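After this come two complexes, each holding chain A, first together with chain B and then together with chain C.
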Partner chain A sequence: MEWPLKRTVNTKNIRVLLPSIVVVAVLLIFGATLSGRFISVRNLGSILMTASLLVFATTAQNIVFLSGNNGIDLSIGAVMSMTALVGPMMPIGTPVEFAFATLTVIAMGAVCGLLNGLGIRVLSIPPLIMTLIMSNVIYGFTLFVTKGRPAMELSKILLGVNKTVFPMIRVLTICGVVAVAAAEIILRKTRAGRKLAIVGDNPNAAGLCGLRVSLISVAAYVCSGGIAGFAGFMLVGYAGSAIMRMADSYTLLSVAAAIIGGTSVAGGRGSFVGGALGSLVLILLTSILQMLNIPQGARFVIQGVLLAVILLTNTRSEKLRQ
Partner chain B sequence: MNRARLLLGSLRKMSAMPAILLFFALLVANSFIMANSLSRSFLVSYLNNTTPVMCIAIGTSVVIICGEIDISLGAMLSVGNVLLIKLLGAGVPYQAAVVLVLAASMAMGLLNGFLIAAMRGSSLLTTFATSTIYSGLALLIMPVPGGSVAREMSRFYNGSLLGLPAAALFFMIPYAIWKIYKRTTHGMRLYAAGYDRNKAYVSGVNVTGEKIFAFVFAGFCAGMGALAITSSLGAGDALIGAAMSMMAISAAVIGGVSLSGGYGDVTGSLFGSLFLGLITVSVLSSNVSPFVQQLASGLILLFGMLGAMAFGMKSGKKRN
Partner chain C sequence: MTDEPVLSMEGIVKGFGGIVVLDRVDFSVRRGEVHALMGENGAGKSTLMKILAGIYHKDDGRIFVEGREINIKSPNDPIRAGIAFVHQHPNLVPMFDVAHNIFLGQEPLRGRRVDHKKIYAEAGKILAAIGTAISPHALARDLTVAERQELSIARALSFAPRVIAFDEPTAPLSFKEVERLFEVISRLTKNNVTVIYISHRMDEIFRISERITVLRNGKSITTLTTKETTPDEVIHAMLGSDIAFNPKSVYDETGETVLKVEGIVTKNLPQTIDFSLRRGEVLGLFGLVGAGRTEVVRALFGVDRINAGALEVNDRRFGAVSPSLMMRNGVALVPEDRHALGLVMDMTIKENISLANMNSFKLGPFINHARERAAVRGLSHQLSIKSRGINTPVSSLSGGNQQKVVLAKWLHRRPSVLILDEPTVGVDVGAKGEIYNLVNSLAKSGVSVIFISSEPEEIFRVADRILVMYRRRIVGEFQAGATDIKKLMAIATGVQAAS
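Up next, the complex of A and B:
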């Protein structure tokens, strides 16, 4: 049981993180040469805050990737949009109410994750398809509950995630860092995290070792949904308002960020710190392209090309000839 | 009696069966909701609207059969759509424009195939990256929706051919090409490459070649879809195909194509996309409130998928 764990903790792990660290550094230097404003405390603070939203989504995605069995969660964006719209409908006047609302949105996400997990493990629907269809259902549910109204008036407490604590560090950034640290510690140091890695590495072997593979896989989807639910709530606090499908793009960005961070799609290997770095890469890239003031279409093209280059250097299947 | 049982048995083994059953069940259910839903005019307009997705579903299915996945076909269709409108707007004769659009789509498919089969990228991630590139290209070609199409094209699309709606031609061409290809030894090789690429490789199958074919063919299908949707709408919109890739994947899986590759056929995906298209039509035409419609169509899709999966499991053919 120690074995796959060791493999994820040893120095190889640091090497996995290296490309994204280098890319982050290169992007920062490039941004700085373009404009002094880019490395201003204010801009970096906002980049870190935007990145931490993606960090939540990536952490959720990472858990599902780690659980293996072609795991992928394409309903993250839908869950985030749902809680971004439905969360503010609850009364949030006092800290107690805020805590209650937070728990409720996490529970909403977790229920979606549970349905995903059951569909995948019990009815053996491929994860890609199950979570894709689930996101349609979730959008339908959101439209049904909100009647298409955007979330406009937010309580002060929720908007508080934008507050600056230290220069460059906002409340949301702290949440993101805490979440990644907690997830990493849980993965490396606790029984539950180790079980997840073992199941992802080799579900058959894990089953033979007496681990309850189905239960652990379903739990991974539940965790993913819960984190996505929380992320949506933070998103609306950050953005100040919410509309239908506002978090759509987070789904595939979270996949890309997790892969850039060195997580293996095959399961069992990966790290949340890597995912966070991957998110930072993507957000830095977007903000540099935005700063260059080029048309949206060209921005997409450049983003796509860079993404293709990063992904191709990071994840290539082995050669057929062996 | 025996023959009937044999026939029934072979029907159950057909991977397309659940999708066909789902489609006809919904068609019958729909005829109770809508008075004229079995009339020729309704069926023709419904087919006209569904044809673009059907084209993409054919391409997606072939790529999935080959053991990969392509989520960039919707973006490719958008590029084809705006490119065609721009070319026509620039005074290019529509015959030449059609050829150019098909060539451009196949070039985009070739890029996907090269990155995935030759450079060994992961198909989901690589096509995600290329779909970003292609939607960027579409936006560059036409930042705001607009334009118009040659009158001959829309007249042809809405007309009829040998008594059948001409729109059917757009998905019948790729369908026929695939059916012929499948009959050759290459078809068998493509299935083998999707079923187990290593075993196929050691058996002498040109796995890389088959994969590149699948992606180029998918590009061609996206091009046909672009021609269809452009003739049908008569305008260009850089975001028109955005949602179609995922729809086509759902259609393929409902149609019995196994996501692990090497099993299923395109016929099922066609019925799968017809089923998906009909869900939208039925829900829109029923009198439920617009806020419930999306939830209803999502749930029908979910239960349709459950049914298709249960059917697949029973006939013992599921390998997902």
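Up next, the complex of A and C:
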């Protein structure tokens, strides 16, 4: 009795992930035919690491999408830029100091998320507008604290995220995988995760069953902000330096990656593993376009068009399934 | 007034997915009369009107206006044929003023430009014709409910119709506003406009209508001349004569009071509500749609804020309540609209049942899946939920099984007070019976039940005591054996005050 049921559930999950798995495979093959260098251990390792950065942003975005109520977090890029610049201003000489700095950047992001959540739930500002306003406030705050100076000299510990542990696997990649696995387990196996999905899917039913809908929704924004704060810190460790607005593009990319991964913008349905695959799709795409020596301007245009096509097919297949 | 019908619908047939909703319905109205269309919920009144409005398409039958057959394919066709509608919830553009709402989509032009002067002038004439005081310049969003309705009548009149259909127009109106509406209607008929009037309120029907057509189970039963008939005869036609009812009875009338409602007032219940509920009692709350039954439930369960009065649950007194507080005190609610309020449709049976019971399946921060599965299996066996397994999404279940999932969700909590709001709507006959039996056995085991319904037969089957609601007030109270269906309907439609 139990076994066949489990199987139907699993095949269904895989069906949601299938499009992105296929696209990843196609892009890998296409890249390999362009140049042998593309599938070198070095290049793939770098792609995986860059994707891991986006994975954090996508996970943050996914949580907010799942919480429903037209949830979206457009301040993710701003939070990342903030912690990328402000994080290295703290002393990071010892592991203890590094841990303290990490907790601080997570807390900074979480505070931004809290303000987002309160604005949306208490003042009833639409999420799109609230988080957009918040991203501007965050840029203001960052400018105020850093006076516009870039972060240049980084501690060795922070730069350590670039270290290669196994061939192709860097420290940052491991962080990304752990984060996605943890998020997926929390969503599927814990009460908190299930509550998030229920509130996202049908807030009225959730409220009538005694769930505190507003509280759960605010918590989603807090988590999103905290993860984005951490992601910014990893970004500066990866890049080696940080400038204002360096993480801007992550906002849109995180939205795209989450949707490519099968998350419903209407709330309640989605997966973090899917979001990770979506991130990989986007990074592979960028990498291939770079390899073709396409100038940056044209690259953005092509990227945008491809994104639109992918999103279009994803939303269509959703309708077909229904 | 002539006997020639201005509009007649003949042999109208309409089915949805194999279920016949309208079965060769005949309906015709004469020039300048008020013609009431009556029937129980689900009798087919709305479907018939939607076919006339071009929202649904008939499967068979013919429609004639002034003797000429018309073909209604879209909402524009009835307008062209001179048939207009005043819906219960008018679609207005809130930021436009009254005049522009009246001429929305049919603005008079001067050359290529909209002739705003003419809009105001014409709007003023129409508003004067129905004798309303609203200004053509007022914004739609600033109007009261009654004024919006007048605006919606004005809009209907802008098409210069022969026939105007009103769907439950008095439901949201106060007593005075109803009088105003009747004045407007009598002005219309004096100008030879025919009014089709759909309402549950018998007193209104007998005041304003000339003839009454009764639908029952998708068939046109009879057309009566109002002067020559009685409310009793109409109710009889609505219910059919072949209804057997056997009131259920016997519960311990000396049991302690578990729920006491004392003078509750909310934004949706302007007049105080008082009643009480004993242990093991099934209290039927009867009333037609819009009578205020759901509003009572919303107040009890803490969805609407209680502005005055108090609740007493198991001897604990509350002035303010919330769903989680009521749940902790043993109250459970099976809401009216299970799709929107009762279930998370995308989720499985298991996930829906544990929705209200998350804390009883806890394992640290995790869900105790083994315990959850065991509990859900037990409940779905107890309620005989038919499915391919507990991981089936509830969206794939039949209405009856969906309702059982909602019931299971709450039964796991072992509530002392169970509120069921129209639990058998959209449920097949077999599952209905199971739900009645479940209510009976729960009551026997000491659970108190509030059973809300607009089907009198159902109320008689399950309830020990019946409260009747009309216009957001409790207007009657009966022991189960002490009344009959006709009396109940008479009170619920306002024909008769409860003795």
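Please note the rule applied: the second predicted complex is superposed on the first by the 304 of 322 C-alpha atoms of A that agree within 3 Å, B and C clash if a C-alpha of one lies under 4 Å from a C-alpha of the other, contacts with A are read in each partner's own complex, and residues count from 1 in each chain.
Heads up, the rule we're going with is that a residue touches a chain if its C-beta (ideal position, glycine included) is under 8 Å from a C-beta of that chain, and two chains touch if they have at least 3 such contacts.
The structure presented is a predicted model; accordingly, all values stated were derived computationally and were not measured.
When the two structures are aligned on the shared chain, A:141 is found in touch with chain B, with no touch to chain C.
In the superposed three-chain model, the partner touching more residues of chain A is B, compared with the other of chain B and chain C.
Once chain A of one complex is fitted onto chain A of the other, the partner contacts of A:308 are limited to chain B, with no touch recorded for chain C.
In the superposed pair of complexes, A:295 makes contact with chain B only, with no contact to chain C.
Judged by the touch definition given at the top, the superposed model places A:212 against chain C, while chain B stays out of reach. In the overlay built on the shared chain, the residue A:95 is in contact with neither chain B nor chain C.
Across the interface of their complex, chain A is touched by residues 69, 115, 119-122, 124-126, 128-141, 143, 197-198, 201, 207-208, 238, 246, 249-250, 253, 259-260, 290-299, 301-302, 305-306, 309-310, 313, 318, 320 of chain B. Of all residues in chain A, those touching chain C in their complex are 1, 5, 8-9, 189-192, 194-195, 197-198, 201-202, 204-212, 268-269. Only residues 301, 303, 323-324, 327, 333, 335, 340-347, 351, 354-356, 358-359, 361-362, 365-367, 369, 389-391, 409 of chain C touch chain A when the two sit together in their complex.
On chain A, the positions that touch chain B within their shared complex are 70, 72, 119, 123-126, 128-130, 132-134, 136-141, 143-144, 147-148, 252, 255-256, 259, 265, 295-305, 307-308, 311-312, 315-321.
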